[in-house]
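So, here come the structures, one by one.
One chain, chain A, links the two complexes that follow: it is found with chain B in the first and with chain C in the second.
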Partner chain A sequence: MSSRGGKQKKGNVTSEQEEEEQPLQAVLVADSFNRRFFPISKDQPRALLPLGNVAMIDYTLEFLTSTGVQETFVFCCWMSNKIKDHLLKSKWCRPTSPNVVHIITSDLYRSLGDVLRDVDAKNLVRNDFILVYGDVVSNIDVSQALQEHRHRRKVDKNISVMTMVFKESSPGHKSRCEEDDVIVAMDSKSKRVLHYQKTQGLKKLQFPMNIFQHGSDEFEIRHDLLDCHISICSPQVAELFTDNFDYQTRNDFVRGILVNEEILGNQIHLYVTQDGYGARVSNLQMYDSVSSDMVRRWVYPLTPEANFTDQQGQGCTHSRHNVYRGAEVSLGHGSQMEENVLIGRDTSIGANCHISNSVIGNNCTIGDNVVLDRAHMWNNVHISSNVEIHQSVVCDGAVVKEAVRLNKQCYFSMLPVSQVVIGPNLSLPEGTVVSMHHPEEEEEDDDDEFLSDDQEVGHSKDKTRQKAFNPAEVGPEGKGYIWKASMNDTEDEELAQCLWGLVLNPDPESDSESEASEESQDRSRSVSPEIDDVNAFQLEVLGTLQRGLEENIVCDNLVLEINSLKYAYNITLKEVMQILTRVVLEYPFQQQGTQLTTLQYTGSLLPLLKTWSPVFKNYIKRAQDHLDCLSAVEELFLEQDTHQTAMVKVLMKMYQLEILEEEAILKWFSTGATNDKSRQLRKNQGLQKFIQWLKEAEDESSEEGE
Partner chain B sequence: MPGADKEADLTERIEAFLADLKRGGCGTGPIRGSGETARETTALLRKVTAQARWSSAGDLMEIIRKEGRRMTAAQPSETTVGNMVLRVLKIIREEYARSRGSSEETDQQESLHKLLTSGGLSDENFRQHYVHLKANVIEAINELLTELEGTTDNIAMQALEHIHSNEVIMTVGRSRTVEAFLKDAARKRKFHVIVAECAPFCQGHEMATNLSKASIETTVIADAAIFAVMSRVNKVIIGTQTVLANGGLRAVNGTHTVALAARHHSTPLIVCAPMFKLSPQVVITTVVRNRIILSKVNVHCPVFDYVPPELITLFISNIGGNAPSYIYRLMSELYHPEDHDL
Partner chain C sequence: MELQAVLMAAGGGSRMMDLTYNTPKPLLPVGNKPLIWYPLNLLERVGFEEVIVITTKEVQKMISTDPKVKLDVKMKLDLVCIQEDADMGTADALRHIQQKVKTDVLVVSCDLITDAALHEVVDLFRAHNATLSMLMSKAHEFTETVPGQKGKKKTGEQRDFVGVDGTGKRLLFMANEADLDEGVVIRKSIMRKHPRMHIKTGLVDAHLYCLKKSVVDFLADNKSISSIRGELVPYLVRKQFSKSTNSPKVIDETHQNLKKNDSNVNLEIQISSRDEELLHLTQERSCWNDHRGDMSDAYHGGRLRCYVHIMDEGICYRVNTEMSILPWSFSAYYLFTDNILPHSIIGASCQISDKTSIKRSTIGVSTTVREKVKVTNSIIMHGVTIEEGCNIQGSVICSNAVIGRGADIKYCLVGSAQRIEPDGEHTTMSKACSA
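On to the complex of A and B.
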């Protein structure tokens, strides 16, 4: 790490000279890397969820553009095509746009860290840049923060690497996200961050002594700050993420920088603003509060009637009590729109409705005598008469039948083709989640969308699927699955609460452990929590080898890939070797089923060993490595006891390919036996013969040598 | 292709202007006076006239209308943009009529008799092509621009007619026009200005600083004290954001209070408003900007007041003083009735 430090400084001197001409750049991460909005986010990436009938990413881009950003890199992962389509259609991709948007997609991003490492790898940023998520809604003027940041970097010779933008707001304020609550100790004069800690779930706070002794006269400890998730970063930030491949989030980064401050000499600063509005829609609770703040015009000039996305027909009028109406809205006799209501175009509302604090999308139909309070309805929603909805999100295309009552914090998910239907005559309790996706479907799709940090969601469930909708849950004519209430499953309860951000798991690590152990009881197999990593690694190695075989990849590259996987999953070299051996030996079973005869098995395995011998040779070098490899072979054949005769052939082949040395094999044979089974194994005739042959061969060669 | 280049350049300029307008209201963008907005709009429309592809006056009007609609939609609270679009449309109509050779007077006047006899409002199709039309229109727009440049000075010049020695004058908030007006009067006369601060944005403070720099005796009062102080005031001089078609005002919040207090004490209320602020609209929209974040409290912070025409004594514009009841007449002179809805 420290060796890179020198290089960075050199690189930055030149960039500083160019500073004036360089356009301001921004990195926008259009992925949340968690599943807070699941199952809505299954069909629609979070950045495209509508907030006040406008996709969230548009707010972020508008914010960036209004601060003078001229070049934005949008990084997408989950459902990147949808985001791309949306952006290409939007005004940001018109040739006249003052902010040039580049879209970069990859399925490999798993965290903010991956994105920034990619930024560094592709060498995208040349100067200070703004880092935001695709769900940040803000009207803060960061130009002053930017100036301060640049000034600091000039004066302090690039010591400051990041300036985080915070807004003053009292603790417990509704637009403060509990997860993001931080306590910050900072130098009052230089605004330098001395200590940074998330307070969520903590009863005690600890401050290291050195922050009180670092020599400044004044410092502040603040808890009244709202994290806007806007950071002004130096190009070094991307480099630092590359150097420290374990940094996943900005939080890791900030902590890492503060811990290593004395070694690397990097500092982080804070910009606290009182004006403006900035918040990140990180869960449904935040969605609700940001949406209502927007309708109440806190984010001026990003108001619904401004139509800043410049789309045809999106405009609406603003009248007293913050009532916004789009084009062609019809309102029945006696209906009241009390206050803070936004109604999208072509929506019709029946008679005697009572609507307050709600956002209704385009093309919705609402029947008579409907009561809506703090409801968020997206597009094409159909609500029948006598429905009551309180504090709920109703997603695209959902249908709510007569006399349904949705209590607080319900939310419906959507699916483009067939939509959720609820009712009639039903009352959904608080915290219900209804989706067209069956909760248990989730696992199968996991491979491609497992982007989550919250690993507690959906690990093991039996795969029996109920296809029928439960009329007791969603009503006689209902379509859809209840996600939480009926299942009474701890996982889902947690999920639902997570969605609303009410109860937050104090310690994700301990949590995943308990989850894992629960899981293991289900499978009645004892596994330690770390096994998961090893298992995942094994799967990845298998995948890599398979691909290598199909696409004829050179063994050197396979080695590279396995090496990087090793770092990603934090696996020791010994384990790598054992897993590799195991994967290769099991490969024929994987491909052709477990019912192979010994002959078939060896027939398919031996060529494979030949192809992959360079990979083995790369990992098996020391004497101990040979023994480890052999013990892995032994372990496997102990499990597959019907194929024990194949073992000799495998060993023979490996010996011939010079993967294993004869001394190692002999040593293993003589000393390795630890229990009855392995002793049994060594009594195998073929093996005996092989060893015999080896010994003779050794004698011969030594004789020859003489 | 130079033509395509020109057009791309034009759309780029328009987009940039729209983006500016959209952010014009917030703290992040450049805050400009409406005078500047009016000038920029007109200059942009001149550019459109010069560079867009059109063969007849009808085409041009269609283009201007289209752009005008977008511009007004970008910042609905800034009416000057729409007003300038209307002015330019009117110019095109006049120039077209002149090219045709018909007299302006007959074309423009809408009498009851004419309405009854002609059947439709106008059967003019503006399709004929005239060689000099473009040059003439641009010339006329240039004249309009010159007029816009001089508005504030023209208004300020009339100050001495309205402000006398040792008067006590009240104003509210900050208006560039009023500031120039008072400063002009201060060159010859001594008087005392009371400024209502106009919370929560407190533009009044800035106004007071500027006035006192021009060595005018100035007092700042809280908005709540307006009525209490009114009895001492000889004259109220205010600016406005828009003059509406009925002679009413859409002005900064607090103006209505001042106007009512002035009416109660029979103090004359003078409004300094350049002609470009005259809008054919009668709609009232409130713009709300919020600054402080509080939870569980709804904060309403309307920016504009509507002041009914009955409370206003006199308008002072760049073409002289007018009573509110005469506004409709000015309106029909400045804008063509067919253009009122863009």
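On to the complex of A and C.
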């Protein structure tokens, strides 16, 4: 850097040339910020998961290096030490490496946005850089895209901030990730992105008219693009992330730029490659397809036998039908490796096995009569005899005992985490997940807003040990916990989607519908209102209180949280109080259903009031606040007219807890009545008595005072 | 006979009233030929021997009697007259001649001047067994000033949005900007079938269509459609992607029942061209497919298909506004005959005096041009008298007008039988009809 500074002083003549000469930089984000690979990623960061017996981050680095990147910043968050160790041992950190790798770790990154804001803060990039994730597998030569990008930036000064790299692949293609099912509207001539949208779950695609008013008369709408998650960014991108702290993902960024195009004047372009390969392993579905593409040599020259990581003993031979064998592989009598099989070193396979479309790691032992199809086995796996495995991922150190069947298409069974033992004599249904981690450990963490691979769970280790393994689930000698057995209820399905990404659905969905019905749908859709801020705020408050109760959070913290929500949803103080009152009073209904008797209702409500009284006190201070609170109480009991008798008790309790003052209650009682119903309410006997009592108490106190 | 040609020549030319005041639009002189000659010539060149011409009584009368209107075509013209005041649209006209339609039809508008290779359109129609195939062209920009109009062409005109697939042939989407308040809305299922859609604006629709006979029958049943371009074509384009009621057998059975019942459902069934059985069989046995990327049948099993041929180069022009007549009038005729482009075209029995200069202009039959007159870039129609010393530039002078001595006319439109006062100077104004 110092030399660069020196050069610049020489004058402007050289500066332009020099810009070309500046080393190409890349930002590699070695964290996914989601938990698609959970629970595998609990022990191993996603970037280090093996794909074709090579850690995924190595593919990404190889891609960057081969495309001419000379300086890479690797940002790690979850399990950064492991990534660091891996990289330090790899060829990237040797002095001869053409690509200088800097590792930057922080536990504070929660999203891509945080990473790029840090890039900006540390002022790491000086010129256009390539932004990739640590799980991108690609052989695309981006130099042309880079050239186009630079040309655009030169022609019209810094207007284009990003060039996204796409691969052409028609819908329904195997390597197309349903989550990234995007539709792009672009200007045919300038390759400018005009509209970018994920289509998942949409039936109709809408393109606003303003995107067609850019002077060009030819536009293209493309649904045949696969997002490679490789983007060429100008340094402005990092700055824009800093300026817009709400940008979390690249998606946010792209949408933000496109929407604010007229204001900021920034544009995004795209580059489409026809023959390159590029995909991000964003879920297990993609893991399966990328892995099989790898073995089938689509990612040439990144093939298994190339040993591009340059590690001792990783080499293997390539023979026909894409069968790869590492060193010291022993294959029993009568065993067949049909096609597309990769076997790591020191693995031994018993007799009469049938192996096809599978990847087997190093140091595995496989018994006799084993059938493997589309199985992905990592290192040190032990498979006993008579086992059948279809479309499954078997992780490091797992043991599969005799006569186990891991089914089957559609979903995978996965045995993540070392030392899981399965069987013998067991058949696991589709989509089973077995882990040494107990699922419940997870639930405790679920509340965290930032779902990421990087949850620290250590504290519950002991608890886990105490829970017994269920022999019905994992077999008599099994060790491990079932995460989810089947896909029966919808909740599981959601989870499965989360783990696996969405399943490719070959049936175009809306075909069967007539136009008329679609139109009517449209209408109904437009009518249904969105949740407005007040409702959303109410839900949030409810959630906060619930959590507060479950986790015993101090009231001060609850107040803090509600305050921050207040700002987030732009709610006035008066509304906060009304909503808070309403939420608390409705809490018993919320928890136990609306069929409560009045007695049960007050029984559960009164202790709550006591617990939360500090919260109330924080918001109810002025005289007007008291009246507002009372009117909120009144409003609620007008709605819940069967429980009107409980109102006295509530008011009494609030009075005793010094939430409400007696003058306020009296004032409310005497003046607050505006309509018949509320007058009716005030005629309630209990309430009358309570007021009477209050008045007397006041008299007494005033007498005392005299 | 594979195709029957139908020429639509009944339009009143509502957008060029000044010109059509006493000459009906089909007979407006363009390059000293009536406008209708150009589409007729187009049809004749590709080998049609018979044309059904839908026109008005007035035009029919003029064609048969007026010596100035020489059509000069060898084809057999089957003139069908419709009432002028009935306000019939093009689809109405097609419905009117349904009895005469025995096969698929090729519909041409009378105001089309093109050197398009017609077979391109017909080939699309044949190759894909299409329901509709049409012709479009990239729009031309005019730089010349238009007579009778101040300033250049108005910007912000409503554009047509035409969506075609990756090959640029299949017509997937069609809408006018005026109807797109909520933006362009496209169903995802269409995008799945045709993942790459080009949206083009700035195309000229040549109003030339190949239509299946079933479409004409459909029109006969569905009286609500009155215009081909405005209603029928968008309807067909839309219908491509709505679910058809499947297998041909079912259709045949339901066909009779439905005839009695709901005519609305009937339409859809009729309109989806029923592939002949053999054709169906070939498609089944063939490995040919019209698309890549998925494993579904050719055309995704759809029976209704619309195609468009978009001309990249060549001339495709519609004379439907006043300003559109000028740029083409001069060169058009010569594009369709092999004559060398001359300086000007002078009609028969004209009297042209000495010392006149006539450049890049057409002068109609029986016109008198006196001495020292300068005419450039203009159209002078039949029977016009131009007195001495006039200067006419970029203008259209309609029939029987008299231009007074020494008048200076630039970018004007002079209505028929008008008298221009001597020594007047006129620029960019419209001397409309005598009324």
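Just so it is clear, the second predicted complex is superposed on the first by the 442 of 706 C-alpha atoms of A that agree within 3 Å, B and C clash if a C-alpha of one lies under 4 Å from a C-alpha of the other, contacts with A are read in each partner's own complex, and residues count from 1 in each chain.
Operating definition for what follows: a contact is a pair of C-beta atoms (placed from the backbone, for glycine too) under 8 Å apart; a residue touches a chain by one contact, two chains touch by 3 or more.
For clarity, every value in this text was computed on a predicted model and none was experimentally measured.
J.: Considering only touches as defined above, state whether A:222 meets chain B (first), chain C (second), both or neither.
T.: Only chain C; A:222 stays clear of chain B.
J.: Please indicate which partner A:259 is in contact with in the superposed arrangement: first for chain B, second for chain C, both, or neither.
T.: The answer is neither, since A:259 touches no partner chain.
J.: With the two structures laid over each other on chain A, which partner does A:172 touch: chain B (first), chain C (second), both, or neither?
T.: A:172 contacts both chain B and chain C.
J.: Which of the two partners, first being chain B and second being chain C, lies in contact with A:297: first, second, both, or neither?
T.: In the superposition, A:297 contacts chain B only.
J.: Who does A:307 touch here: chain B (first), chain C (second), both, or neither?
T.: First partner only.
J.: Of the partners chain B and chain C, which touch A:212 in the superposed model: first, second, both, neither?
T.: second
J.: Counting only touches as set out at the top, which of chain B and chain C does A:697 meet: first, second, both, neither?
T.: Once the two structures are laid over each other on A, A:697 reaches no partner at all.
J.: If you lay the two complexes on top of each other, which residues of chain A touch chain B in one and chain C in the other?
T.: 170, 172-173
J.: List the residues on chain B that touch chain A in their complex, please.
T.: Residues of chain B touching chain A: 8, 11-12, 14-16, 18-19, 22-29, 73-74, 76, 285-286, 288-291, 293-296, 298-299.
J.: What residues of chain A sit close enough to touch chain B in their complex?
T.: Against chain B, the touching part of chain A is residues 65-67, 94-98, 139, 141, 143, 167, 169-170, 172-175, 275-277, 296-298, 300-301, 305-308, 310, 315, 317-320, 322, 339.
J.: Within the complex, which stretch of chain C touches chain A?
T.: Residue list for chain C touching chain A: 159, 161, 163, 177, 180-189, 191-193, 195-202, 238, 242-243, 292-294.
J.: Which part of chain A faces chain C closely enough to touch in the complex?
T.: 170-173, 183, 185, 188, 199, 202-209, 212, 217-224, 506, 508-515, 518
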